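After this come two complexes, each holding subunit A, first together with subunit B and then together with subunit C.
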Partner chain A sequence: MRKYFVVFRVALADRLVYRADFFIATFLRFIPIITTILLWRAIYDGSQKVELGNLMYEQMVAYYLFLMISRAFGSMPRLATDIATDIRDGNLRKYLLQPIDYLGYNVSLRVAHKLVYFVMAATPYALVFWLCRRYLPGWPTGSMLLLSVFSLGLSFLIGFMFNSLMGLLGFWFLEVGSFIHVVMVMQYFLSGHMFPLSLLPAGLQSVVTNLPFAYETYYPTLLLLQRLDTGAAMHVISMQMVWVVVLGSAARIAWLRGLKRYAAFGG
Partner chain B sequence: MSMITVENLKKVYRVHRKPQGLGASVKSLFHRKYKHVHAVDGISFDIAAGEMVGFLGPNGAGKTTTLKMLSGLIFPTEGTARVLDFIPWERKNAYRRQFALLMGQKNQLWWDLPAAESFRLHKEIYTIEDDTFDRVLGELTELLHVQDLLNQPVRELSLGERMKMELIAALLHSPRILFLDEPTIGLDVVAQSAIRRCLKEYNQQKQVTVLLTSHYMKDIEALCDRVMVINHGRLIHDGPLRDILHRFAQHKLVTLQFRDGCMPDQLGAFGEVVELNPPKVTLRMAREWVAKHTSTLLESYEIDDIIIEEPPIEDVIGKVFEDADALQASAPAEASHA
Partner chain C sequence: MHARYGRILLRFWKNSLIREMSFRGHFIVNVASEILWIVMLLVFIKVIFTKTLDVRGWSEGQYIFLMGTHMLVTSLFEALFFGNCWRVSELIRSGDLDFVLVRPASPQFLLSFERIDFSPLASVPVSIALCVYATRMIDAQIIAAQIALFCMLIVGGVIILYSLLFMFAITSVWLIRQTGIDHLWFYTVSIARYPAEIYRKFAGGALWFGLVFVLPVLMVSNLPANVMVRTFEPFMVVYVMVSGIVLLGVCTVVFRLALRWYRSASS
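== the complex of A and B ==
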């Protein structure tokens, strides 16, 4: 276990090399929120309704703000393509030679990335949330906060397992870049990143809200938005656990089978 | 004691063969043609503890494929190998702790961080004790004179310095077996000899077993008593480096320094003139005639100096590969079929 902690520490140091780049990127990421606020104002005014998809205008804006937080946990920028590249370019070799588990190694790496991100992004986030305070619900209860944090942790694992699985397809296909791109676009839509899934027609909604993508971003966001009671929150968390196990096993199997193939054909 | 035992090891790659052109590209989407490449074609050898063995061969001869099999990266198609009593491709952690594979063309250090950070990571990955780590790192940095560079980001190091760091990373866990694939590629003469010296000393001190490939004959000459020559996946020589000369070189080079004005015109009878710089001439002479011809020359002409040399080993080995290729080309191509 300790070695994975050191991987984490080294990755931490690595991330801190490009600080300036990081700060700028974090700030820029908040710019679309302004368009979002204006756009939804126009939509609510145009529709002449108080609620859309069970959300009032203020809640809608808050949804997008909290979405930034759940995305911060669940998104794994470049993980899938990094894994696919490791496989294609033979960098995988380095991990196969050493007594270390590749997926475990990547988890440590990503935890470090996330931690650096949270620490460095804390100030910009606090600033934006303070500026948008009139859209936000009040502080959650202690138990709700705890459940939210737990759910965000599971969101991280779902994101990790799913993206690893995509990357491991690199064992079977030489070029998975465009496929991963298509999946990411779908994921953007299916995870509620584009708009709350409650806006979807009932039939479609019942399908989409049961996919792992919804459990990666949509439900944790609702939790932060305090739209779920304790019972619903517990249900979300147990479903998240199920998806972690399912995707995690799939990734592990893909890894083992892929490795057999890799060792037989290339290396 | 035998450290590495390889028996009839084979590796056949299936390579997708696509003819040129768009039509062929579309066709190959549905029906692919494959060619089987026999990268390693039934080699057997045995390496004892502490031996330093050179692995020679042209590009694509099967050297790297063999190293990959021995380090467990790929499965063989046929045959067996045991390294330190492990089957490499089972990739047991106990095995992975005891060997290292260093590839001159690949790096494993973190690019943006000082090498010291990567080393610390290795310490944990290989669970090296604190005092052992400090001692080994101290020895290696001293041996390679890189104490001052440990805390500099790897991206700011020169190629030679980086290679030294890579070598340290490979040796930190004190492997008993070391596979080196082109460890000096692209380095300048000074860095090359530093790496060579380090390997030599390290091998003598620790009795580590080394299998090394290199295109630089100097590496092999300086380090390896024993050489395996591989071509088209087959071993064509296994023994001392000097034996290659006796086996494959049919000629020697004889350089004669004639007294001023005494150089004869007709030297062609004694051998092929390789270099003519009157009054100095170099002849390529058939081995069996060297003794007879030189004594005739010494009796007949006024000669100040005479040097008899083996041809450069690069040339001899190059010739061996060329001849083998010619043989291969004239024989029906059994190695490739659709």
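== the complex of A and C ==
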């Protein structure tokens, strides 16, 4: 366990180098929120309805705000392409020769990245949420908060396992970068990042809301929005666990079978 | 004099084409993800317009036309100038601008036209198809003069975007930073792709006024779409054309000023 902690510590130090730039970038990330607020105002005004997709206007805005949080847990920038590159360029050798598990190594790395991100992003996030406070529901109860945090942790694992699996496809296909890119574009839609999935027509909705993408982003966001009661929250969390196990086993199997094919190209 | 610049331009474009042909897979993936992206956007628009018939005075067909126009302007800009603008700040940072300055031709010309990215051009036919689909949908009667004006405004829009982004890139002489031009471009796009009218409701219309009259990024796609499928406002057409010329002039002045400040970095 100690070696994974060392990986974690090194990654932590690495991330703390670019601080000032990070603050600017985090703030800029909220600019589209203004557009989102105004667009949905226009749509609600036009529809003359109070609720669209079971959400009132304020809840719709809050949805996009909370989405930033659940994305912060679930998104794994470049993880899949990094793994695929390690495989293709033969870099994987480096890890195989060490008494360390490659996926475990990557988890430590990502936990460190996320931790630094949360600590540094806390101030800008708090400020933006404070500015948008009139759209937000009140504070959740202690037990709901606990469930939300737990669900976000699972969202991190789903994101990690899914992206690892994509990257490990590199064992079988030489060039997976483009495939990964297309999947990421689809994920924007399927995870509820583009708009809440409850707006979809019933047939499509019943398919999309059962995919792992929904459990990675959409449901944790609804939990933060306090749109799920305890029973529904428990159901979401158990389904998240199922997806973690399914994707995690798939990634592990892909890893073991892939290693048998692995030829360690490159100098 | 002009023949010489024509020859340089031709040579630049030939080189870009050769470069692009060595990454053909890249081009195909771009086309695929572009089409996927449009399908998702269309689903989003359909979802919006099952809830409302109008978004601040834009019907579904008009909205789709706006999407097509926006894609057309932005992909033309990305193909012709984005890569070049991005490279300007890189050249300044690394000190390699010297190699451009010593050449016997206008440095602004050399910097602005050196490279074409062909992959964004894949969206051009797709966005035109989207526009045609939208005009069929609303049964718009379009005369040749409208199309001519539309084309003129598209060119004007590209000039406005070029002037703003190039000016931003050249400020790297004074401000060294990491949060770069790609961020700025991303946020410009995410603001400009919506109906301008939605911004009237923010800060007493100040934001709308700023984005229409001061930095006219909203008019880049809204105005050509207006001319084709909504209303023809002669004042706005003249204003946008004039502001394109003015911004281009300002951009050139700022560029010359920046060159005087430029101190070749590093060795």
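Here, the second predicted complex is superposed on the first by the 261 of 267 C-alpha atoms of A that agree within 3 Å, B and C clash if a C-alpha of one lies under 4 Å from a C-alpha of the other, contacts with A are read in each partner's own complex, and residues count from 1 in each chain.
We adopt the following convention: a contact is a pair of C-beta atoms (placed from the backbone, for glycine too) under 8 Å apart; a residue touches a chain by one contact, two chains touch by 3 or more.
Everything quoted here is computed from the prediction, not taken from an experiment.
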item: Superposed partners subunit B and subunit C on subunit A - clash or fit; value: fit
item: Which superposed partner A:Asp229 touches (first subunit B, second subunit C, both, neither); value: neither
item: Touch count on subunit A, higher of subunit B and subunit C; value: C
item: Vertex subunit A angle, Cα centres of subunit C and subunit B, expressed to the nearest 10 degrees; value: 90
item: Subunit B versus subunit C - smallest C-alpha distance in the overlay, whole Å; value: 11
item: Subunit A positions touched by subunit B in one structure and by subunit C in the second; value: 18
item: For the subunit A and subunit C complex, residues of the former touching the latter; value: 18, 21, 24-25, 28, 31-32, 34-35, 38-39, 41-43, 45-49, 52, 175, 178, 181-182, 185-186, 188-189, 194-195, 199-201
item: Subunit A-facing residues of subunit B, complex; value: 13-14, 68, 71-75, 89, 91, 93, 96-97, 100-101, 103, 106, 108, 110, 112-113, 117-118, 120-127, 153
item: Residues of subunit A defined as touching subunit B within the complex; value: 2-3, 5-7, 10, 13-14, 17-18, 90-91, 93-94, 96-100, 262-267
item: Complex contacts: residues of subunit C adjacent to subunit A; value: 25-26, 28-29, 32-33, 36-37, 40, 43-44, 47-48, 50-56, 177-179, 183, 187, 190-191, 194-195, 197-199, 201-202, 207
